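Presented sequentially are two complexes of chain A, the first with chain B as partner and the second with chain C.
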Partner chain A sequence: MTGRSEAEVRLALRDWVRTHATVEVPETFDDHTSLIPTRYLTSLQIADLLLYVEELRGKSLDVASLRPGVFRDIDTVYATFLADGE
Partner chain B sequence: MTGLDSLAATPGLTWADTGQATLAGPLLELAERLDRRFVTLARRWRAVELRFPPCIAAADLERIDYFRSFPHLATFPVCLDPDDDNLARFAAGDPVTAGGRVALSDLAPVEAVLTPAACYHLYAHFKGASFEAPAYFTTRATCFRRETHYRPLERQWSFTMREIVFLGTAAETQGFLDEATYDVDALAAELGLPLAWAPASDPFFRPSRNPQYLMQQVHPTKHELLFDDRLAIASTNLHHDHFGRAFDLSRTDGSIGEPHPVHSACVAFGIERWLAAIVHQVGFDPVRWPEVGS
Partner chain C sequence: MGRSDTMAETADRLCASSRRAYQNPYEVIDWPDVVERPAWFTSPELISLYATPAWDALGDDERRELSFWEAVNFYSLNLHGEQALMEGLARRLHQPGLEEVTDYLHHFLDEENKHSIWFGTFCRRYAGRVYPDRTLSFAGEPAFARDHLPGEDDVLFFARVAIFEELVDRYNSAMGRDERLVPVARQINARHHAEETRHLVFGRHVVEHLWARHRPGWSDETVEGVRVHLAGYLVSTWRAYYNPDAYRDAGLLEPHALARQTWEHPATAEHRRNVSGKALGWLADLGVFDVGAVELGARR
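Then we have the complex of A and B:
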């Protein structure tokens, strides 16, 4: 990780989604808001988010090891890839 | 289970090493009965039937980035350049070599592809259309997918695909897939086939670099009905608004406010693979093959 706190990383992820979403993200958007069925993120944005997560954690991800649901919401992204020890 | 290694000896099947099958007699009748059974499923939704030509415009497939995702599967229909000298040059030589290869002279520009999936035609057909209510369609096509190897009835260059396609809102698509899955399960039980659903991804070219493959990994939208845990004989596919956006299909139902890109889903049946599953399950004797309706 890049020395940021958990709160800072979560905020960075939310900002990233707001900036890159294909449709307008509502005020109620939070770490538990679904990212894909809502179409905030489509396949192109998921590929870019993957790169952004790699940048945040400072190391690459093995695409083949990705499991269903890991990009469900910000909370899951953080817990899967960016929490301590990940 | 019969433990058959190859289905080449199935009565009514003539297999060509090009990866193509000729069906006749009871095997052809079984294929037709299966297709009618799938059409019966489609009637649950009063699906409108459409029959499309064997080629689809390359420009339409470009809208969905087909050629970057599946270049290895594409089969192109080619024609000779109509220039008279070019045609004369082709006709004057040996048009087909001893090895069976066509000695082509200059080619005309290629602007079409032999259908790789039945439902693609449908989105192209309705390009720019607005829908005011959920819409259901069904179509059958001979599909072409170039592969590295072929097996009779299981993996063919050309094969028959029946699809039921739904166009609607995001919420409605899941309802359609739930109903379709339930109905296909009932059909599988009726036929006594050992089948199970499993998440799957499409066979993308260089998948690790393809955003759509990545999406299918983290948010499965394709589920295959596997016979013997290996042979996919049907699939359900949730497209979200992928085709709706690519082909400018919109939904204008007042209950959802402003027009939105159509969301779509489909259920697809590989008819030759259903034949393969049945023959594997009960053997070569047509007397033992199921009735599958009338």
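Then we have the complex of A and C:
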């Protein structure tokens, strides 16, 4: 990862979602808020989020290995791709 | 699909053209065992970095090397687009309501498969890989599934196909005539453009026909949903042209940051607007959606 702490990475992810959301994101939005059923992000924006996660990691993901659900919320995104130097 | 002389006649005319132009995909491209590099494989003006500071910082050989990996990316995104297209066409071959175009869908499917052979051969033979698709991998995400109104799925499918192919064809048309490109790259683009011409005619007619048929039965909310989806698809399609994998393979540093910065540069946004406007203005004329209103990046 690019030298950021976990808190900084999570904040960066939340900021990214707030910036790119298709609907207004409420103040209550946190790392456990669902991203997709709420329509904060569309399927097409998830592809953009994927690129941003790769940028945070500093390397590409194995796209073919991704499974449904990994972009459920910020917490899952962090745990799947960015925790423990992933 | 109800009786439509225009649609049926168009499909019949395109079938006749496809039969006249029928070809063996293994014979129409001259494949060298290896390609010499650096050389031009993508027209420099169509390379994603063109007219940005990153482009200015590259030497001539570095630009030519990047042109190879941009070609691999262009052919890879074509492969992924055509895979989705073939899946959709196969599902619709005998779909009630589309009987008038069934014969042409067979040609469409056949020709797309041939194109995939060309693109895949280039990527595997000369690059040893096809770049993965970052867009379509999530199409099966259950959370994104929703019910469509009658006709909505077909309109979205054929409109997405038209958007994808119209943009690609702008590149194919230019690069098929570009004498700077190595012969195999020029041939692939030229052959693809020659066959895509039929597909573009079909795409415009079938979108017009399906839109006129189904739009009156949709609520304003549904129409807005269609427009939002297609606008998002247009942006997503363009994003694939800025691939950090290609930048990395070309030896460029910090490829993800470079992809983001290049996407955000006003020169590339202007390029996207120009190409989109020329290729897709007809969708606005039909009332499907206004390409000019889509946010494709910062203005100068």
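Here is the rule we go by: the second predicted complex is superposed on the first by the 85 of 86 C-alpha atoms of A that agree within 3 Å, B and C clash if a C-alpha of one lies under 4 Å from a C-alpha of the other, contacts with A are read in each partner's own complex, and residues count from 1 in each chain.
Everything below uses one rule, namely that contacts are C-beta pairs under 8 Å (C-beta built on N, C-alpha and C of every residue); 3 or more make two chains touch, one makes a residue touch a chain.
Please read these numbers as outputs of a predicted model, since none were measured by experiment.
Participant: Looking at A:R18, would you say it contacts chain B, chain C, both, or neither? Reply first, second, both or neither.
Facilitator: neither
Participant: Applying the document's definition of touch, where does A:E54 land relative to chain B and chain C: first, second, both, or neither?
Facilitator: Once the two structures are laid over each other on A, A:E54 reaches chain C alone.
Participant: After superposition on the shared chain, which partner residues are touched by A:H32: those of chain B (first), chain C (second), both, or neither?
Facilitator: In the superposition, A:H32 contacts neither chain B nor chain C.
Participant: By the touch definition at the top of the document, which applies to A:I46: first (chain B), second (chain C), both, or neither?
Facilitator: Both partners, chain B and chain C.
Participant: When the two structures are overlaid on chain A, which partner does A:R4 contact: first (chain B), second (chain C), both, or neither?
Facilitator: In the superposed model, A:R4 contacts neither chain B nor chain C.
Participant: Just chain B (first), just chain C (second), both, or neither: which does A:P68 touch?
Facilitator: In the superposed model, A:P68 contacts both chain B and chain C.
Participant: Determine, for the superposed model, which of the two partners chain B and chain C contacts more residues of chain A.
Facilitator: Comparing chain B with chain C, the partner touching more chain A residues is C.
Participant: Show me the chain A residues, by the header's touch rule, that chain B contacts in one structure and chain C contacts in the other.
Facilitator: 36-37, 42-44, 46-47, 50, 63-64, 66, 68-69, 71
Participant: If we count contacts the way the header does, which residues on chain B are in touch with chain A in the complex?
Facilitator: Contacts found on chain B: 170, 199, 208, 211-212, 214-215, 217-220, 240-242.
Participant: Quick one: which bits of chain C touch chain A in the complex? Just the residue numbers, please.
Facilitator: These residues of chain C touch chain A: 132-135, 137-144, 228-229, 232-233, 235-236, 239, 244-245, 248, 256-257, 259-260.
Participant: Which bits of chain A are touching chain C when the two form their complex?
Facilitator: These residues of chain A touch chain C: 22, 36-37, 42-48, 50-51, 54-55, 58, 60, 62-64, 66, 68-69, 71-72.
Participant: Using the touch definition from the top, list the residues of chain A that touch chain B in their complex.
Facilitator: By the definition above, chain A touches chain B via 36-37, 39, 42-44, 46-47, 50, 63-64, 66-71.
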